[in-house]
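Each structure below is given as structure tokens.
Across the two complexes that follow, subunit A remains constant while its partner is subunit B and subsequently subunit C.
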Partner chain A sequence: MNTLNEVSELAAAYDLVVIGAGPAGMAAATLAAGAGVSCLLVDENPAPGGQIYRGIGSTPLTERRLLGEEYWKGAEIASAFAGSAASYLPQATVWQLSPERELGISRGGRTRMIRATRVIMATGALERPFPIPGWTLPGVMTAGAAQILLKTAGVAVSGKVVLAGTGPLLWLIAAQYLAAGKRFDAILDTTPKGSWRKALSELPRFLASPYLRKGLRLMATVRGSARVISGVTALAAEGSDHLTQVRYTVAGRESVIDADHLLLHQGVVPNINMASASGCAIDWDDEQLAFVPRVDAWGATSVGGIAIAGDGAGIAGAEAAAERGRLAALDALAALGRITPEEKARRAAPIRAIVARYDRGRAFLDRLYRPAEQFRVATDATVACRCEEVTGGQIRDVVANLNVLGPNQLKSFLRCGMGPCQGRLCGLTVTETIARTRGVDPAEVGYYRLRAPVKPITLAELATLEHSEAEIKTVARG
Partner chain B sequence: MYQRLPEPGGMPIPFTLDGRRLEGRAGDTVAAALLAAGVETCRTSAVGGAPRAPYCMMGVCFECLVTIDGVGNRQGCLVPLQAGMAVETQLGHGKRELAR
Partner chain C sequence: MATSDVLVIGGGLHGCSAALQLSMRGLLVRLIEKDYPGRHASGVNAGGVRRLGRAMPEVPLSIASMELWHRIEDLVDDDCGFESHGQIKVAESEADLALCRARARELMDAGFDHEEVIGQSELRELLPAVAEHCVGGLISRADGAALPFRTVQAFRNKAARLGADIVEGCGTATVERRDGVWTATLADGTRHSAPVLVNAAGAWAGTIAAAAGEPVPLEVVAPMLMITERRPHFLTPVVGATSRTLSFKQFANGTVLIGGGYLGRADPASNRTELDYVKLGENARTARELFPVMRDARLVRAWAGIEARMADGIPVIGPSGTQEGLFHSFGYSLHGFQLGPICGAIIAELVVSGRTNLPIEPFSIGRFAAAAAA
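So, the complex of A and B:
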């Protein structure tokens, strides 16, 4: 790969621009560059890896058993990318992707507009919002954040630590912490009691999936060495300026546990901000309880020339993400005339077989780890929108009394979703809270309408644009 | 609190927070260095002035906003730490970015 350090080093146009350097983005860029197309990979982080393989080339935790073999699979994808001819711009923000595939890219306070014939968004997933009372207190962070600290800096949360939530990643993170010699005061499992029953019909397919062995092994390790409390139906973080205790309910009985840290996790959902702002059609997925961009078997969205690969197009996990990146790259190569449709189909066949294998266990996991409604809808006193500090009670009030139908209308009354995170931490909560209040389906309520810039950009950065006529128009349209 | 694991770490990197001398390691982001140095609150919220701390460490929540070398509203979890950086706790909406 050819690492670029400034936006001034970018070409004015590329055959393919890939956004995001996780498994999907790295695999897509590697395959495409191998076929000789001009390919740029832009990423926000200082090094390739995305979130799942964060710090893969630079982690101080070189002892392999600490982060586990699954993590080190990322090294192969990263080294193939490092050996490719693709250009790579790290620490950069793509603040706009227009339907005409004009991209606004900033790095180090300077910005450029470039063009792409094809775009693959590999913008991945983010942790589902977990709105509980007190979740804005210092001392509370996502379990994923604690994992990133561990991977990138070798820094572990310590003292009195409580891990709470549900989902396969919760157990993975717990196992990594335990392997690093850390402990938890308690693991509060919020998986709803009836979930096993609902997931049962998907069990046979799960048994044939690669998740089984790995998942069971992780759970056994964790249960063997930490105090796991199951059936948690309510959670609250308490303290004045910092977390001091966690309150939780099991079988109707409330308990309190002292805590310096509370790590929250209840699954991951696609990061749809850029897809939505680029005009890609988005649908509500009731199995994954999330909004998911509409894509075909190659990852192509409803907008011509723009594809999505990896978890950003629906959660399927890291291994599947790399394969989905390759499929999207093959589709781009065919569209660019570099391979014939026959070659595309031939090369895609073995990749599809792998994707199908990973697909098998998904429905089971989605059902088993479906987060309970009380952890998805904000209670009256719980902050739903962290940026503008809007509570569930305020949302319910406005929806019921002012006849507000959806999140976009809600913005003008409460400003929720208008802070710097642009709804990433409240969008699903707000949609589901409105849906509950109105007694309708989240699909009917819809999601925030998003516009560029998808990440805040300063006026000073905009001022660094070279002001060609076309560029000014692009910005004005955003 | 936060602890560094006893693995061989990167080079020490000196920086300041509100004028106070602190030390991070090569490879840290600003947010990671602050947490490892025992700084658990990096800003106050824009509406209610409540203390806030990094929440996602992956660039989506904007809870890690700090002022770095005079420029406000920077995402500490995305900025690699560099020697001599002057980091400031961000109060409310923070400094405007006109410095550049």
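So, the complex of A and C:
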């Protein structure tokens, strides 16, 4: 790969721009660059890996068993990318992608607009919000944030630590923590009791998927070395200016446990911010309880020339993400005329077989780890929008009394979703809270209209944009 | 058969205001909105409530509307987030200041005294953060700003409480008049009829006017706005510039809104807008040059509304020139928000009594027919 250090080193146009250097983005860029197209991979982090393989080239935890064999799969993908002819711009922000595939890219206080014939977004997933009473207290963080600390700095949160929530990644993070010699005072499992029954019909397919062995191994490891409390139906973080205890309910009985840190996690959802701002159609997916971009079997969105690969197009996990990156890259190569439709189909066949194998287990996981409604909808006193400190009760009040039908209309009354995160973090909570209040489906309530800049940029950066010479000439002639 | 006394097409501020004023006069109103009230320009504009700098024909209407704004809660049972801290147009040079003086004199000669010239010391007192090179400006002290979507929703809800029927989520496919009754057929095939039709369809008003047999040239535009993260308080009045494009305001919560009329691209068929970042970059440069404290401000959102602009920059208000029972209120050309309260009242007066005391001749749709014939 050819690492760039400044936006001034960018070409004015590329055949393919890939956004995000997780497994999907690295695999897509590697395959495309191998076919000789001009390819740029842009990423926010200082090194490739994305969220799941964060720090893959630099983590201080080099003893392989600490982060697990699954993590080190990322090293293969990263080294293939490092050996490719793709250009790579790290520590950069793509703050804008237009439907005409014009990209606004910032790095180090300078910004540039460039063009791409094809774009593959590989912007991954975000942790699902987990609105419980007291979740804004210092000492409460997402388990994903704790995992980042562990991977990048080898640092674990200290003191009395409680992990709470549900989902396959909860067990992965727990196992990584335990392997690194850290401990939990308790793991509060919020997986609803009835979930196993609901997931049973998908069990045969799950048994045939690669998740089974990995999942059981993780859970056995964790249960063997931590106190796991199952069937948790209510959670609250308590303390005056810092977390001091966690209150939880099991089988109708309330208990309290001392804690300095509470790590929350209840699954991941597609990061749709850029897709939505670029005009890609999104749909409510009731199995994944999330808004998901509408894509075809190649990851192509409703906007011509723009594809999504990996978890950003629907959660399927890291291994499937790399394969989905390759499918999107093949589609781009065919569209660029570098391979024939026949070659595309031929090369895609074995990849599809692998994707299908991972897909088999997904429905089971979605049902088993479907977060309970009381952890998705904010209660009256619980903060839903953290930036503007808007509670579930305030949302219910405005929706019920002022004919407010959706999150975009709510803004003007509560400023909900108008803070620095622009609803990118609280969007699902707000939509589901409105849907519950109105007694309708989240699909009918809809989502925040997400707009550029996808990430905040400074006025100083924006002010560095100038008319290109070509544009000035056009204006002068016109 | 008529299903109401009046059909209003368009649920922006002007449509909702007309629906409210007609309902207040006892008429049964049905309002048709293709999306939801305030979805477009009315709900996403900068919220400026200003008389400052208006075209001369608009001044009497703007002054009358300002009276309503200062009592807005009496009208719609909600304060609409309206605050009156004045609006100032900054003069960056002696040449700018001369333009300000000429403008104030022109208004004075016409009998209006709401715009006053201020010198450098008063400018600095009112805008402590303004750049050193600014020499004075023009102020309209009772002007201010409101929250646009909240305002539209307040007008819509009050109209509904007075009996107006608001039909949302389905656009108007055609309108036609037969046997003295206007019928609007919606995209889903439902039909609504009334002897009177009000065209307040904003960017889509040209389509309605053409369907009603009175085509009129309008341009669909997408004025852009951007907003920053919260900043320490540094600005109270709303600010513009005399010879550059800028509208600049800090909200009570600290966020700063920057706009002024740079245009993106609009696609009214899909409701989508495309922003022009090079123009926004110019907008950002102007803001930083006038307020150096904005140097490191972070932008969190940029957007554009979709609205109609007339070739002469002033709206179409009044009865149709060719059709019975048709009234227009559209084409507000990037500055219709402040006029919302009064123009609804004007339309209601025209519908009920056929006349209004406010001078609306300059806004006649006939001016375009005359231009086409000439």
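Assume the second predicted complex is superposed on the first by the 468 of 478 C-alpha atoms of A that agree within 3 Å, B and C clash if a C-alpha of one lies under 4 Å from a C-alpha of the other, contacts with A are read in each partner's own complex, and residues count from 1 in each chain.
FYI, a residue touches a chain if its C-beta (ideal position, glycine included) is under 8 Å from a C-beta of that chain, and two chains touch if they have at least 3 such contacts.
Just so you know, these numbers come straight off a predicted model, no measurement behind them.
Enquirer: On the A-aligned overlay, A:V250 touches which partner chain: subunit B = first, subunit C = second, or both, or neither?
Expert: Touch status of A:V250: no partner.
Enquirer: Considering only the touch criterion stated at the top, classify A:L61 as touching first (subunit B), second (subunit C), both, or neither.
Expert: Touch partner of A:L61: subunit B, not subunit C.
Enquirer: For A:T458, using the defined touch cut-off, is the partner it touches subunit B, subunit C, both, or neither? Pick first, second, both or neither.
Expert: Both partners, subunit B and subunit C.
Enquirer: Touching A:G279, do we find subunit B (first), subunit C (second), both, or neither?
Expert: Second partner only.
Enquirer: Of the partners subunit B and subunit C, which touch A:L405 in the superposed model: first, second, both, neither?
Expert: After superposing on A, A:L405 lies in contact with subunit C but is clear of subunit B.
Enquirer: Does the superposition put A:V155 against subunit B (first), subunit C (second), both, or neither?
Expert: first
Enquirer: For A:R386, select first, second, both or neither according to whether it touches subunit B, subunit C, the two together, or no partner.
Expert: A:R386: touches subunit B, not subunit C.
Enquirer: Is A:P420 touching anything from subunit B or subunit C once the two structures are fitted on A? First, second, both or neither.
Expert: Both subunit B and subunit C are touched by A:P420.
Enquirer: Between subunit B and subunit C, which one contacts more residues of subunit A in the superposed model?
Expert: B
Enquirer: So which positions on subunit A get touched by both subunit B and subunit C?
Expert: 419-420, 456, 458-460
Enquirer: Flag every residue of subunit C that touches subunit A in the complex, lowest number first.
Expert: Residues of subunit C touching subunit A: 36, 38, 43, 81, 147-150, 153, 156-157, 160, 228-229, 253, 255, 258, 272, 274-275, 277-278, 280-281, 284-285, 287-288, 294-303.
Enquirer: Which positions of subunit A touch subunit B when the two form their complex?
Expert: Going through subunit A, the ones touching subunit B are 44-46, 51, 54-55, 58, 60-63, 91, 109, 126-127, 136-142, 144-145, 148-150, 152-159, 180-181, 241-242, 260, 271, 386-389, 419-421, 424-425, 456, 458-461.
Enquirer: State the interface residues of subunit A toward subunit C in the complex, per the touch definition above.
Expert: Subunit A reaches subunit C through residues 96, 98-100, 104, 113, 279, 402-405, 409, 411-413, 415, 418-420, 422, 451-453, 456-460, 462-467, 471.
Enquirer: With touch defined as at the start, can you tell me which subunit B residues reach subunit A in the complex?
Expert: Checking each residue of subunit B against subunit A gives 1-5, 7-10, 25, 27-29, 32-33, 35-36, 40-41, 45-48, 50-63, 65, 71, 73, 77-78, 80, 97-100.
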